[in-house]
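The data blocks that follow each hold one structure.
Heads up, the next two complexes both have chain A, just with different partners, chain B and then chain C.
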Partner chain A sequence: MLYVLDLIVFIGIFGILALSLNLEFGFAGLANFGKVAFFLIGAYTYALLSQIGVPFYLCLIAGAMVSAAFGLLISLPALRLRADYLAIAILTFGEILRLIVKSESWIAGGDWGISVSPAIAISGGSHRVDVLVNIGLVYFCLLICFVIAQLLANSPYGRVMRAVREDEMAAEALGKSRARYKAQVLMLGSAMAGIAGGLYAQYLQYVLPGMFMPMVTFTVWIMVLLGGPANNWGAVLGAVLVTLFDRGTNIAKDYLTLPIDPSNLQYILFGALIILVLLYRPQGLLKESPIKTKALESVKRERSVGKGKGS
Partner chain B sequence: MAVNWAQVFFNSAITGSLYLIGAVGLTLTYGLSGFPNFAHAEFITLGAYIAYSVAAQFGLGPPLALVVAFLCTGIVGFLCYRGVFQVLAKRGATIIHLMVASIALGFVLRYSIGAAWGWEPLYFATVWPTSSLWSRHDIGSIAVTNLWLWLIFAAVALAVTMHFVLTKTKIGKAIRATSSNPELALASGINIQRVIWITWFLGAGLAAIAGVFRGADTRIWPMTGWDIILPMFAVAILGGIGNFYGAIAAAFIVGLAENFGVVALVALGLSSTYRIGIAFLILIITLIVKPQGLAILFRRG
Partner chain C sequence: MAPDPRGHPRAITVGYNLLGIYGASVHLAENMQSRRQFVTGEPLMEEAILRIREVSKHFGGVYAVNGVSLDVKEGGICGLVGPNGSGKSTLFNTILGIHRPDGGNIYFNGNCINCLAPHQIYALGLVNAFQLPRLFYQMSVLDNMLVAARGQQGDKLLNSLFLRRKWQEQEKGLIEEALDILELMELDRWAFSPAGELSGGQRKLLEVARALMAKPTLLLLDEPAAGINPVLGRKMFQKLEDLSRNGTTFFIVEHRLEILFEFASWIYVMDRGKTVVGGEPEDISEEPAFYRAYLGEE
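The block that comes next holds the complex of A and B.
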């Protein structure tokens, strides 16, 4: 039972990450290959602030803000870059960041990390109560992120994001500054990833550099690609499926005797899964919903009426 | 602290040679296929493991093992392109999809390697214990091993051979033509598909050679390639994507920067693990200042 509850917390945290990547990649077409960097920033900000006694909600917000600031910082050079350059630059940024927290043991214990106090500690509560409290906290954050993402996606702002993704030149020609939109999306996505990082740190009650390998980024990518880019429900669905798959192979490890070491097999399957999704269902499980506005609807209606007349 | 500057220069040449051999394939396939192949790291790793295995199984010496690693990894590189990237590109995948696919493919390869050979590091010294590769000399104040001399020799030989291939042979001219303008190359009757295939084969094969040298110099484990892929991206981008001459210059610039950077890091009292951060700085600065890289210096007319 506890295992299932634990799984639910993980789904929630990765759901936030998937939503944030979905904003950046799905809607705005930004190849953020360094998601884990902002996850790390959120987690370490939370860990360091909670150590000096800052209340948990402020830690989470601070994590989001610091992460957003780094998102903005990264976006400054990134704005001029092509998708591939941006991907390489952010990927490297994540690796360097991990290297810094690993080598500078004065920041947060270096390789061994530091322990983090849980956000809401109920005195005398069992472990199970703690996990339930965490579920509440994580899903509250997930809900906020989901609502923000959903509102954005269906707003004029979201339509501009998609326009930038589809054709930067055309968007620019219509007077939409692609640079500003990209920077804002990267900031928002990073803020969400920062919150996810804070939640992750306080749930596991420790942070260490080994938690922030590039693999985390690609797990989130699988979620978004599998679930369906530019579809927020898809991102959450992807988070559910991939986390279940991840846990499932971990359980299978204990019960099955396989010719291949399951911890290797898991990543091989992950890689194969992405390639298969890209080959056979690049739109993901849930498709991007078409844009609906009053103006478009009325144009459609007029057209169908016009056709009716002509026949 | 006295710094042996001659040694630092020599080390820079070693680092540069390694990056050159490894990055040639990366930059050429990047230029031709239009996306950075992150699985290139795994070609490096795979090459080292193949050479190790044939040496351990059949008792091949370093030269033969190198050839086998080159051929096998080259074929793997070709198959990766033919089996995954070409199909994706044909289905209209964007550059982001291709990059993600290359990372996914890298995972498949890396963890397959982990499953096949395990995660414990392996050492070439155990399969070639009596080889003259490991013998050390002192030239003046510089400590040198035969391995390092072979590495520099290999890089120089590669540079010379590639220069002749690119300027004198049909396939080399076809590679350059396709890299600079695919449509025009196609219109001139060049079989673009075959040019790309050959480049992937060559690039992966050369990556394997870099892997063998890197493995012999340090150790072989499934992350061998990933450990040095970021500096290689710095080389490819600083040199100008798809530009071989730019890559030569960039490899040695990155080599110099890393080795002198380490001296500076030590002098500043910082951890020398930041070495990889130097390549990152070069990468970022290049992208901000001049994304075309050094290629602007090597453009004719």
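The block that comes next holds the complex of A and C.
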């Protein structure tokens, strides 16, 4: 039972990550291969601030803000680099950050990491109560992120994001500053990843560099590709399926609570999964959701009524 | 340091541009300009909405545009013709800020726009339609149109989240406008289909329709009638003529000379990166330089 509850928490945390990557890659076409970097920033910000007694919600917000600031920073090269080079640059950025916190032990204990106090500690509560509290907190955050992503996707802003993804030069020629949109989307996506990082740190009650291997990024990518880019429901669905798959493969071995067990078999299975998805369902399980606004919907309805009369 | 065509060290203009002191840079360039006007010997049109002065653009050693000066009068349709590779599209891209000119100045409504980014030029009301349609192919035809609308409330991050009622209200009007333009281009039946499903000619029409959606002051069209059936092409030009009476100016590159000469009020002829002649269509069609540009030296 505890195992299932634990799984639910992980799905929530990775759901937030998948939503944030979906915003960047699915809608705006930014190949962010450094998702783990912002996850790490959120987690470490939470850990360091909670150690000096800052309340948990402020830690989470601070994690999101620091993460967003780094997102803004990384958007500077993003404007100059082509998508594939950007991917390499951000991937490296994530690794550099991990190596810095690993080797600079004054920051947060280096390789050994530091322990983090849980967000809401109920005195005398059992571990199960703690997990249930965590589920509430994580899913509250997931809901907020989902609503924001959904509102953005179905607004003129979402329309511009997709336009930048399709042809950024044409979008620029139509008066949309791609610099501004890319920076904003990266900031927003990074803020979400930062929140996920904070939740992750406080749930596991410790942070250490080994939790932030590049494989985390790739796991999130598989979620988005499997679920369907540019579809928020798809991102969440992908998070559910991949986390279940991840656990399923782990369960055969033992009951470790680490999300990624660097076992070779799992890597191979993940690789095969990506190949299968890209071969047989390149658009993902769910198709890209069209932009839905009130006005668009009412015009669409009118037209279908008109057509019905005509035929 | 190699001297700038404008006659002052390039470092100064570049430096000013970098600092963002556009005013200073424009002023400096304009001082140089007033001296040069007499050199080109061209009369300055009073009501010109677009003034191009000595603009050059080279790629490596090749001068695609080599010291072009011309004026586009406000209102009406101005044509630009010339053989393939004569620099028409490069000139357009330079005006739009996609290429930065290597020399010379471009004024739109009296403001120097050399140093602006494409989206800033668009915001001033100078819009274009690409020669090869650059649509957002996975988005619906209607969404393609709506991206282009100027002065939207909801395309800003915070507005899209917190001023929902405001942009929803605005969008209603925009959709009506978009459907009207689509109807004109005979595209309204496809309003909700992805732009990628349109045929080649329809894509071209949508590209022009999308530019019209911005309600531009000056619209640059690069071969709008290419690949479109003759009847619809003529209809499109008739509509453009109607619009030009309501204050939109058109600057059009077109190889379908019979249509262009019928509707344009002024024609420039370009050859090998230079404007060789400009005048009213009747005069141009009798101009030997025009035939030389197309047929080569006899």
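The definition used in the following text is that the second predicted complex is superposed on the first by the 282 of 311 C-alpha atoms of A that agree within 3 Å, B and C clash if a C-alpha of one lies under 4 Å from a C-alpha of the other, contacts with A are read in each partner's own complex, and residues count from 1 in each chain.
Basically, contacts are C-beta pairs under 8 Å (C-beta built on N, C-alpha and C of every residue); 3 or more make two chains touch, one makes a residue touch a chain.
The structure displayed is predicted, hence computed values, not measured ones.
With chain A as the common reference, the superposed partners chain B and chain C fit together side by side.
Shared-chain residue A:195: touches no atom of chain B or chain C. In the superposition on chain A, no contact is made by A:43 with either chain B or chain C. Rounded to the nearest 10, the angle made at the CA centre of chain A by the CA centres of chain B and chain C in the overlaid structures is 80 degrees. In the overlay built on the shared chain, the residue A:157 is in contact with chain C alone; chain B does not reach it. Once the two complexes are overlaid on the shared chain, A:166 sits against chain C while remaining clear of chain B. In the superposition on chain A, A:176 contacts chain C only, with no contact to chain B. In the superposed pair of complexes, A:290 makes contact with chain C only, with no contact to chain B. After overlaying the two complexes on the shared chain, residue contacts for A:300 are found with chain C alone; chain B is out of touch. No C-alpha atom of chain B lies closer than 9 Å to one of chain C in the superposed arrangement.
Touched by chain B in one complex and by chain C in the other is not one residue of chain A. Listed in rising order, the residues of chain A touching chain C in the complex are 148, 151-152, 155-160, 162-163, 166-167, 169-178, 184, 188, 288, 290-291, 293-296, 299-300, 303.
If you check the complex, the residues on chain B that touch chain A are 35-36, 84, 87-88, 91, 93-97, 99-101, 103-108, 110-112, 114-115, 230, 233, 237, 271, 273-274, 276-277, 280, 283-284, 287-288, 291.
Contacts from chain A toward chain B in the complex involve residues 25, 29, 31, 33, 77, 80-85, 87-89, 91-93, 95-96, 99, 102-104, 218, 221, 225, 260-261, 264-268, 270-275, 278-279, 282. Listing the residues of chain C that touch chain A in their complex gives 96, 98, 117-119, 122-123, 127-128, 130, 134-140, 142-143, 146-148, 150, 152-157, 159-161, 164, 167-168, 171-172, 175, 179, 191-192, 210, 214.
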